[in-house]
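Read from first to last, the chains carry the letters A, B, C, D and E; within each, the first residue is number 1.
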């Protein structure tokens, strides 16, 4: 999984029928401190994550292994909200 | 999913039989403002998207999770047309 | 899918039994004008594509969604031969 | 598979129900000597790997092919702990 | 598929039970002449490939489509040993 930060939201009226009612969040990957890198991606939110939170995103067919995304045309899902990260024996991120 | 802009069309007579009648659009990934980056890709259009529109594309096996692409040899599908994007509390893109 | 050009062929005697009789072409990705970029890949040819032609390749599990590649250990397949590409209202490639 | 080093741990209270009780380790890819490169990823640990160990991670749908990850929304799993690596006839890494 | 060269071996005692007895080779991608690029990867060998040989590797779910890897947590498999490559009408690689 990739560490990512929720940075925004997507509004879309015309979309695949299986996506009706799904929350599509804009996320960007981060390193272990929450520092952003890379281009924005859009992930289905299954956990009511908020803008500013650090999350884990699963990509590929893994994104369909939740009750909200089963059989949907989606390739990225938020499947965990991060409380804290510890790297090299040091807490590098802690949720405010 | 990736944010992408529809930039063109592909014409192909000789193709896998399951692709007969499918619209194959040329898309390029964009950032949250619609700024293009990366090389062109080709996506199956399931939503009658038009050239110039910002869309979401799902890649990998997700691309086969629509009624138009089921069991087809395709790895990229347009599954949403974007109305607007809001990042960092600011509207970064709004459909004309 | 990616736009690619067929640039060569692979000869292999020792291979997975499901690949017996399959044509393994060397391809390289191109932009919308046919300009090559990136490293060579090898794709199963299901359409009798010729060296020099521009094609679409599907990657991942999509590569097994043809009658010639079903259940084979292959991750890249040629599933369309491109006649022409039109980007930004301009024909950027037309088959000779 | 990719060679990776376990560099830390992820704490997450709110996560997909199928991830309850799973250990989510922070890993970074390495070369054949254990030299780190790239950004951190998070992998499900199925082998009780420890921080500092070199492991193999499988990505994509392969990550669900263990009894601990079956049908879970995960895309990266630790499926081997590396004892040693030999490249070009030379031992490039040996577990302490 | 990617063209790769077998450059070494991985020794691992603690691994997923489905990998018992499997040969895990270190490979690096090459261009059409056998020139190495990129970082090392680890692939399951299903063809008794030797160090120094040029092979084709299939990645993703394709890696499980052999009798030796079925339902295993592996994402990279060697599914062909290359005899020769011809690119742009010229033999760029021939097995010694």
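Operating definition for what follows: a residue touches a chain if its C-beta (ideal position, glycine included) is under 8 Å from a C-beta of that chain, and two chains touch if they have at least 3 such contacts.
These numbers were taken from a predicted model, which means no experiment stands behind them.
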Steps needed, at fewest, to go from chain D to chain E via touching chains: 1
If a chain touches chain B and chain D alike, it appears here: A
Those chains which touch chain C and also touch chain B: none
Centroid distance [mean C-alpha coordinates] between chain E and chain B, Å: 33
Centroid distance [mean C-alpha coordinates] between chain E and chain C, Å: 20
Multi-partner residues of chain E (at least 2 other chains): 59-61, 63-64
Order around the closed ring of chains, commencing at chain B, then chain C: B, C, E, D, A
Residue numbers on chain C that touch chain E, as the complex places them: 7-16, 18-19, 24, 26, 39-43, 51, 59-61, 63-64, 71-76
Interface residues, chain A side, partner chain D - complex: 1-3, 29, 31-32, 37, 46-47, 56, 58-63, 65-66, 69, 77, 79-89, 92
